[in-house]
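Below you'll find the structures, each written out as structure tokens.
One chain, chain A, appears in both complexes that follow, with chain B as partner in the first and chain C in the second.
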Partner chain A sequence: MHSFGYRANALLTVAVTILALMCAIASLSDNFNSPTPSAQVQVLNINWFQKHQDGNDEISLTLNISANLQSLFTWNTKQVFVFLAAEYETPMNSLNQVSLWDGIIPAKEHAKFWIHTSNKYRFIDQGSNLRGKDFNLTLHWHVMPKTGKMFADKIVMSGYRLPQDYR
Partner chain B sequence: MDWQGQKLAEQLMQILLVAFAVGAFATGYVMGSFQMMMLIYAAGVVLTTVVTVPNWPFFNRHPLNWLDPSEAEKHPKPQVQQQTPSSSKKKSSGKK
Partner chain C sequence: MGFIGETIDSIKSIQIRQVLSQAVSLGMIVTSALIIWKALMCITGSESPVVVVLSGSMEPGFKRGDILFLHMSKDPIRAGEIVVFNVDGREIPIVHRVIKVHERQDTGEVDVLTKGDNNYGDDRLLYAQGQLWLQRHHIMGRAVGFLPYVGWVTIIMTEKPIIKYILIGALGLLVITSKD
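For the complex of A and B:
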């Protein structure tokens, strides 16, 4: 503490240490938030359903996605990444996940939304398993904090079925 | 900066920084604004720098009063005495 440089150095060290501590506590404070998100997805239309020459099935859907993810946002949330996946079981694999739509929610004001869209990414099965298939639509999300730990969770919506025939 | 000034500077620095950190965190949490926390803390760090880093006069209110050179010469530094063999032996063994 005897010289200008020593004091400046000591101040910087203490200040940055305390800053790290504040960020850690801010991250821990996220655990006090118990979110209650909700989501509904309707399959409005099967636009087309066909078999590729290589034997893979592809289907195009029109979806209506509505969700309220506002409770995921805390003071330490930078943004929320959200994606909708079709999940189904085939003889080869117990879990197949195909991402159909995704989005980035930059603020709490945009976290209550609905969107009417055809699938943003192609729904292709590696094989020919989609006819008459029961599948789940799962809304996954990753909460990206300003500092600290990232959280991820999902809502599973079941009871969807693809048509028996190509069209 | 004198001895007491150095102690004061260190204590002031720590108290100010912790106080601003607590205040910034509480304000940010209540307002739900991470940015507000950062701004308040940054302001606190700047203020603490201004208060504790430069050598302000109030850190120099307890100067060391050195003896005047002429006064010091009247009281020469005590010389190390030649010690007797027995006592030196004891001391050196004890120290080692």
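For the complex of A and C:
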């Protein structure tokens, strides 16, 4: 009844149970945080715009992204993954999401930022539909916790339009 | 003489009872583990509800040895989600983030491109030869939850099988010798 093995087993069981409970509570506590992030994106320049031999349009943009995501951070936040996607509709596709830029924010101090960049990933359409196309720029974020449930949300910014001609 | 015979009989019967009850309790442990696993499969709708991260391609978000909980709902796949996918000709599933989505107007089929957060380029090099996009059927689930370090147990056991055998042997010995 009071052997070494029995006591070790009981200790291990209690330790694992408490650890699991603490992880669950830490994850649940994220729900009490109601974030108020803000973001602004400007398209500063169209670097070039062309049609490939295979018939797909590709465009290169210079962007200015500024955002304040500090309110997303809680004590259970390991990092925030943030990315900017161009979203538009074409006759063939009901939704196109093309990631243009992304970044990892490791700490709250770095969550208020602005960046001047050309698109990190290629902005290629499936087909040739980008001339004069209206599109949304959406800033998405994924909150990666130290443990538990992951959260994601976005800010949609509309009213962007690509040029009528290749250049 | 009758007394000795009775004692021997009682010892024998006790041993048989002990062996039986040990076998039953061992069976209970195995079946309850199986029940939990299958129940998770039903709830999450994913073939493997829990996966262990094996590579560092999603660092610093997911490190080697972390555990991910998967969910496979009917919701459409969107950019930014972390999905687990199988590539034809590769046995081990990959956990990476979706960076591009093209969803068809008529059929609702999706073309998806993925990338590891810690990798420089996208995943086209990992896909089968000539494959440009992932389709719905490649994707096993999306990651919804995260638990650090726990997966090291399975990594150690698969990479150092000796430890697995020692552990199984010790547990078996414990079950046989226990007098409860």
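Going forward, the second predicted complex is superposed on the first by the 166 of 167 C-alpha atoms of A that agree within 3 Å, B and C clash if a C-alpha of one lies under 4 Å from a C-alpha of the other, contacts with A are read in each partner's own complex, and residues count from 1 in each chain.
Just so we're on the same page, a contact is a pair of C-beta atoms (placed from the backbone, for glycine too) under 8 Å apart; a residue touches a chain by one contact, two chains touch by 3 or more.
Keep in mind the model is a prediction, meaning the values are calculated, not measured.
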Room on chain A for both chain B and chain C (clash or fit): fit
Touching partner for A:146 - first (chain B), second (chain C), both, neither: both
Which superposed partner A:159 touches (first chain B, second chain C, both, neither): neither
Greater chain A contact set [chain C / chain B]: C
Degrees between the directions from chain A toward chain B and toward chain C, using C-alpha centres, nearest 10: 40
Touched partner set for A:4, first chain B, second chain C, both or neither: first
Least C-alpha distance (whole Å) that remains between chain C and chain B when both complexes are overlaid: 13
On chain A, positions contacted by chain B and by chain C: 146
Parts of chain A lying in touch with chain B, wherever the complex brings them together: 1-2, 4, 7-8, 10-11, 14-15, 18-19, 21-22, 25-26, 29, 74-76, 146
Touch list for chain B against partner chain A, complex: 1, 6-7, 9-10, 13-14, 17-18, 21, 24-25, 28-29, 31-34, 37, 41, 45, 48-49, 52-55
Contacting residues of chain A [partner chain C, same complex]: 5, 23, 27, 78-79, 81, 83, 85, 90-99, 102, 104, 106, 121, 126, 140, 142, 144-150, 152
Contacting residues of chain C [partner chain A, same complex]: 60-62, 76, 78-82, 97, 99-105, 108, 111, 117, 122, 143-148, 174
